[in-house]
Amino acid sequence: MINESVPERQGAALVFLFIIGNSFVFGLARWAGRDLWLSFLVAIVLALPLILVYGRLDTLMHGQSFSEGLHRLFGKWPSRLVALIYSFYAWRLGCLVTGNITNFVQAVSLPDTPQVVMASAYAILVLWAVKEGIEVLARFSSVMVIFVLLILLTALALATTEVDLQEFFPILYDGFWPVFQGAFQLLDFPFLETVLLVGLANALTTKKNSAYKVLIPGFLLAAFFLMLVASASVAILGEEMYKITFFPVFLAIARIDIALFLTRLEVVVGVTFAIGGFLKISVCLLVASKNLAHALGFPDYRFLVTPLVLSIIPGSQWFAKSVMEMNLGATKIAAFTDVMVQIVLPMIFWGVAEIRMSRVRKNKAGKPSGI
Amino acid sequence: MLIVIVLGYVVVGGVELFLWKERPWQEVLVYLLLLSATATFSVLLTIDAQLPVPEPLGTLWNWLQKLWQ
Amino acid sequence: MFFWKKAKGERSKAKGLDRLSTSLEINVKWLKSNLFADDDTIVYRHFRTKEPQARQCVLIHADNMTKHEFLSDYIVRPMMSSSLPKELQGRRLIQHITEQVIQSDGVAVFTDYNKLAEGVVAGSGAVLVEGCNHGISVDAQGWERRSVTEPQTESVVRGPRQGFTEDLLVNVSLVRRKILNPALKVKILDVGLQTRTKVAIVYVEGIASKELVDEVFQRIERIETDAILESGYIEEFIRDSPNCPFPTIGHTERPDGVAGKILEGRVAVLVDGTPFALTMPYLLVEAFQANEDYYHHWIAASFHRTLRYISFFLTTSTPGLYLALVTHHPQLIPVNLSVSIAAARKNVPFPAIVEVMVMGLVFEILREGGVRLPKPVGQAISIVGAIVLGDAAVSASLVSAPMIIVVGITGVAGFVVSKLNDTAVLIRILLVVTSAILGIYGFLFGIMGIMIQLASMESFGVPYLSSLTSLTIQGSKDTIVRLPWWRMVLRPRHLAAKNRERLQRKSRSKTK
Amino acid sequence: MKKGLARIFLLCTMTIVTTGCWDYTEIELRDLVMGAGVDAEDPKVIVITEMAKSIGVGQEAEFEPVVLTTDARSLTSGAHNLANPAGMEIFWAHAQVFLVSEEVARSSILQVLEPIVRARDLRSTMYLLVTKDCTVEEVFKSKPPLVDGVSRHLASVIRLSDVTTDFIPQQVWRFIGDLSSPGISGTLPGVELVHEGGALLPVVRGAAVFKLDRLIGWLSKEETQILALLKGESEGGFFVMDTEVKGNTFPITYEFRGSQFQTKPSVDGENLRMKVSLSLQLGVAGVKGADVDFSDLAVVNDIEGQVSRSFTRRIRDFLGLIQEDYNSDIVGFGQLLWRQEPAIWRKVESDWDAVFRDLPVDVDVDCRISFTGFHAQPIKVRN
C-alpha cells in the first residue's frame, strides 16, 4: 500500500468530484447574477494558469510525495512549517464542507435530526475511506462520477422545459465589477481548492501518468459543469430568486414537474451533494493527515487519521454555526489564508523548484565536459 | 452528555490501540495527544456552542491597518 | 510444479518408510494388521504364476473402486499364463513383469507400504510377488460416474448442454476439449490431510500472468486441513476479503464458462468430487454476466445485463428506499400516491420499519423453505406463502398492501442476479436500518459504505471493481453492456497485462 | 482479520452513534394538507387548511376533505396552531393551492408570501389564487361537483389552462419573480363562488392586478384573455364575436389555434414607443344560424379583417385600462425594455410609472382563419 498510484481517468474523476463536491448547490457567483456565466468564463481563464502551476509542481515532484518534495526544496524545518499550514488548511476546509452538508441536510430535509448525527455519520465513512487510502477514493469516485453526471444531466435535461433564456438579458447591465466579484469568489471556492491535490502528487503522478492529464480535464469538466448547472438555475429561477435563496439549484430542480409524475426531483440534488461532499471531505482529511504526519516527522500517516477525522465533528459546528454564516463565505482570515495557500505559496514552490531543477540539470549536463 | 462524549473518545482510542500490533511509542504518544485534544475540543464546543473562532491573522490585519492610519 | 512434490516428500519422511519385505506372507500379514486393519473392502487375490517356476503372487485392490474385468483380463490372466524366469530376482523381476507381462499403461513400481496403500485406496491394483521387495501398482480405477448432463443451476436456452460431473479427470477433459491448445496447462495437487482430494489448477500459459498462477499455487499449497469435500472449502481458504459477503472467487458448473474465463487470463481450480469449478480472480462485473450473454446478439445481451444491474439495485434498495420515503420524506412521493399509502397504512398496527423487517424475514423464510424441498412441496410452500399469507395479512390489516408490493419486487428482482442473492439480503438489511435512521441520506450512506468496501477489495491482486472504474470504452466493453465480439479487441487489462490482443487485425471490423 | 474487526467496530459505532430516528414519522400520522389559504381579520389572520382525512380501510380507502380554521398573529404561527385541532403532525409539502382573500391581497400580499418562501416544507410550485367577493373559508367549504376537495378541484381546473384563457395560472415562484424583477407587475387568477344547480361552486376566472405587492383591481374574463395573448401564454380557448357577413350579423364562435406575439420598443429621439404586433391563427368552431361559405376567399378575408379590428380595439381598451386606470405594468413592457434596450431603461427606470402611463403603443393585429372544422360550407337544410 506504500506505492499508491491512481490511473489518469480515475484521477480526473476524483478531481471532478472534488471540485463539484459541495459547491454546486450554493449560489455560485451570486454577485454576478444573470451574468454569472461570464464570471465562470473569467474564473476559468484566471484559474487555468494556476492549475497548470499545480500540475507542474506535481510533475517536478514526480515519484515523490508532496512532503518529500518540500523537504528537498526547503530543507527540514521550513518544509515542516509549510506542511503544517497545508494540513491546517485542509482540515479547515474539511470542517467547512462537513458544516455545509450538515446545514444543508438540516435545512432541507431532516429538520429534527441534530447536525452532530449527520457529522458523525460522515466522520465514520470518511474515517474508513481515508484509512483505505487514495486508491480506494479514486475508484470510489470513478464509479460515483458516472452516477453524479447521469443524475444531474438527466435532471437538467428535464428542467429545460422551465428554462427561460430571456433571464440572461440584459448582459452586463450592472457593469463588469459584479462579474469580477463573482469570478474571484469562484476562484476561491471551489476552483483553486484544487491546490490540495498537489499534496497527493505522488499518487496522481506516476511515470506513466502526467499530472496535467489528471488535473486539466477534471478541472475543465467540473468548471463547465458547474457553469451549466448555475446558468440553468438562473434561467429557471430568475436572477432575483437565485440571489435570495441559499440553495438555488435545489429550488430549480424542485420546479421540474412533468406530467405530475416526474416531479420532486430535488432529492437528486441532495444525493449528489452528499456524494461529492463526502469525497471532498475525504480528500481534505487525507491531505491533512499526510501533511501533519510530515510536519511531525512520521513516515506513515494512517495513525493520525482517527483523531483528525473525529475532530471534524466539533470542527464543522465550530466553523459554520448556521446556514447564514456558511453562506457569508470568506471572513477576513479565510480570505487571507486562501490567497496565501492557493496562490502565493504554490508560486513560491514553483519558482524554487524550477530553479533547483535547472541547477540539477546544468550539473548533469556539465559533468561529462568536466571529466 | 459530556461523559458520553468523553467515554466515546476513550472507547475509540482504546479499540484502536488494541487493534494496533506494534507501533513506535512516539506515534502512540502523538495519537493520544491528538485524540485528547479532539476530545477537549468537543467538550468545549458542547459547553459553549458559540465558541468563537480565533482570528490571529485578523487581529494582525486590524493592527496593521491602525498602524497605516 | 515442484512445490507439492517437496511437500509430499516431507510428509512421507515424517511417517517413516516402511519398506516391503521379500516375504509375501509377511507383507500381507503386515498390511492386514496395520494399514488395512479392520477394512473388509480390501480384496487379496492370491494366485500363482505358471509352472515350472511358479511363484506365489497377490493382487490387492479395494472392492468397487476398480474395474474387475480389467484386473482379471490384463493382470491376473497374463501373469497366471506366463512363467517367470527363475534367475530374475527383485527389481529385475518386477521390471520383467511390467515390461512383458502386464498389459496396462498405468504401471508404477513401489517399495514401501504407504505407497501401496495410497494406490489401493485411490483405485489401483497392487501386485506383490513372493520373494521380491518391490511391488507393482496398476491403474484400474473404475467406479460409478454420473454422466455429463446439463447443469441444473445454470441452464441455458442457447449454449452447450454440458455440465461438469463429480469426476476430476472428466471435468478436465471437458475443458480441454474446448481449448485444443497445448498452452492449456493442468496441474494437479493433493489437498486435504485426510481426504487427499485431487485439485486441478487449469490455466492458459501465455495469457494468465505468471504471478497470478504462482499466487494461486501458493495459496492452495498453504491449505492444511482434514477435508476438501467441495470446492467451497478451497474457496474459503484462499479467497481475499474473507469476511465480506461479496464473492471474490467465482464458481461455475459449465465447461464453456471455465473456458471463457481462462481465455481471459483467469485461473480455474477444479476439485475432485464436485461439479463446481472455481475461477479467479473474480470481479464484481462477473456476477452480472451470464455465459449466455456471449451467445446472443450483443444488443439483446446488453439489455439483459442492464436488467440485471437494475434488478440488483431493486432487490437491495426497494425496502430501504420505501422506508426512507414513507417515513422521512413523504414530500418526495407524488400527492396521490402518498395519500393512498397513508390510507393503506391507517389500521396497520406496526411501524413501517417493523413491517419492512418482518416481511423481509418472512420472504426469506419462504425462500429458504422452498429451496431444498422436493419440487411439488416447494410449489405448495410458495403458493401458501405468497397468496394465502400475503392476502390474508393485507385483509387482516396486519400488513399494508404497498408493503406486499415492495416485498414482491424485492423478491422477484433478487432471483435475476442469483449469484449475489445472499449478499443482496445482507445489503438490504443494512440499507433498511440506515434508511430508518437518516432517511434518504442514511440510505445513501449505506450505499457509500458499500462502495468504499467494494473499492477497497481486491481479488488475487486485481481491484474488485476494475472494469467498472476504467472510464474508457475498451475497458468497460464487457460490463454493463457487452460490445460485439469484433469490438472486444483487448483482453481485460488487469487479467492479461502482457498479452492483451485477442482479436487479430483483419477481423477487427465487422465482416461484410 | 484486524481490518475486519475494525469494520465491525465501525458498524457498531455507527449504530450506537446514530441510534434514534429523529425525523422518523409514520406517514399515516401526518396530516396531509391539500390546500391552504389566508383570510384577514385585522389585526389577526385566519389560516384555513384543507386536509385529507382517510375513511375506510385497505382497498376501500377513500378521502374526505376536512377544513380546519384557526386565527393567529401570523401565517406561520397559525399554521403551527393547527396541529392541535388536527391532532397530528401537519404536513404541508403536498399543498397544491394557496388562496389569499382579497382583503389580505389589498393590504399586502408579501406578508403571506414571505413565510411561504421561507418555509422548508411549503413548495414554491403551489398555485396562488385570490378570492373575489368571498372569503377563503367559504371557498373551501363549497362542494365541487366531481372531485373530492376544493384544493384538488382547483388544481385540476388550473391544469386546464392549456385549453382555456379565462385565467392565467400563477405559481408562487413565478409571482415572486414578477414582484421582484424590474419593469413588471404581477397578476393572480381569481376564484369566485357561483351558484349552479343549487350549489355553490368555486370557479377560477379573471385576474387580480397588483401594483407592487398590493391588489389594486380586477380584470374580467375577457380582459384576461387579452392579457394572456399579450404575455404569450394563450394556448387555447374560445370566444364569440358578432360578425357581419354579406350584410347580416351572426354570432360566430372562434377558437384560438395559435398566436405569435412580439413587442418591440422603438426610440425616436426622446420619444419612446412600443410596437405590439400580434398574429393570430383562429379556427371557426361554430356558426349560429348563418349561411357562411368559408371556401369563398373574399368572405374569409372580410371576416379576418373584422376580427383583427375587433382585437385591435380590445387591446387598445385593455392597454388604456392598465396604463391609465391601474397604472400597473402587468404586461411587462418595462422588463422588455430593460432586456432589449438597457441603455434607455437606465434613463426611464426611476419614473417608469409616469412613463408607462403615457407610453404610446402601436397595435397591429393580423388574424388568419386557418381551420374551419370539418366543414367548409354550412349544412344545407332542404325540403
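In this document, chain identifiers A, B, C and D correspond to the written order of the chains, with residue numbering beginning at 1 in each.
Just so we're on the same page, a contact is a pair of C-beta atoms (placed from the backbone, for glycine too) under 8 Å apart; a residue touches a chain by one contact, two chains touch by 3 or more.
No experiment lies behind these values; they were computed from the predicted model shown.
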item	value
Most remote chain, CA-based centroid, reference being chain B	D
Of C-D and A-B, whichever chain pair has more C-beta contact pairs	C-D
Chain nearest the overall C-alpha centroid of the shown protein atoms	A
For chain B paired with chain C, centre-to-centre distance based on mean C-alpha positions, whole Å	52
Intercentroid distance (Cα basis), chain D paired with chain C, Å	67
Computed distance of Cα centres, chain B from chain A, in Å	24
Mean-CA-position distance for chain C and chain A (Å)	46
Residue list for chain C, restricted to those that touch at least two other chains	328, 331, 438-439, 442
Of all residues in chain D, the ones touching two or more other chains	7, 13, 17-18, 20, 23, 123
Residues of chain A touching at least two other chains	109-110, 113, 117, 121, 128
Contact set on chain C toward chain D in their complex	242-243, 326-328, 330-331, 335, 338-348, 351-353, 394-395, 397, 401, 433, 436-439, 442, 453
Contact set on chain C toward chain A in their complex	328-329, 331-334, 438-442, 444-445, 448-449, 451-452, 455-456, 463, 465, 468-472
Of all residues in chain B, those that touch chain A in their complex	9, 12-13, 16, 20, 23, 26-27, 30-31, 34-35, 37-38, 41-42, 44-45, 49-51, 53, 55-58, 61
Residues of chain A that touch chain B when the two form their complex	296, 298, 300, 303-304, 306-308, 310-311, 313-315, 317-319, 321, 331-333, 336-337
Interface residues, chain A side, partner chain D - complex	107-114, 117, 120-121, 124, 127-128, 166, 169-170, 173, 237-241, 244-245, 251, 254-255, 257
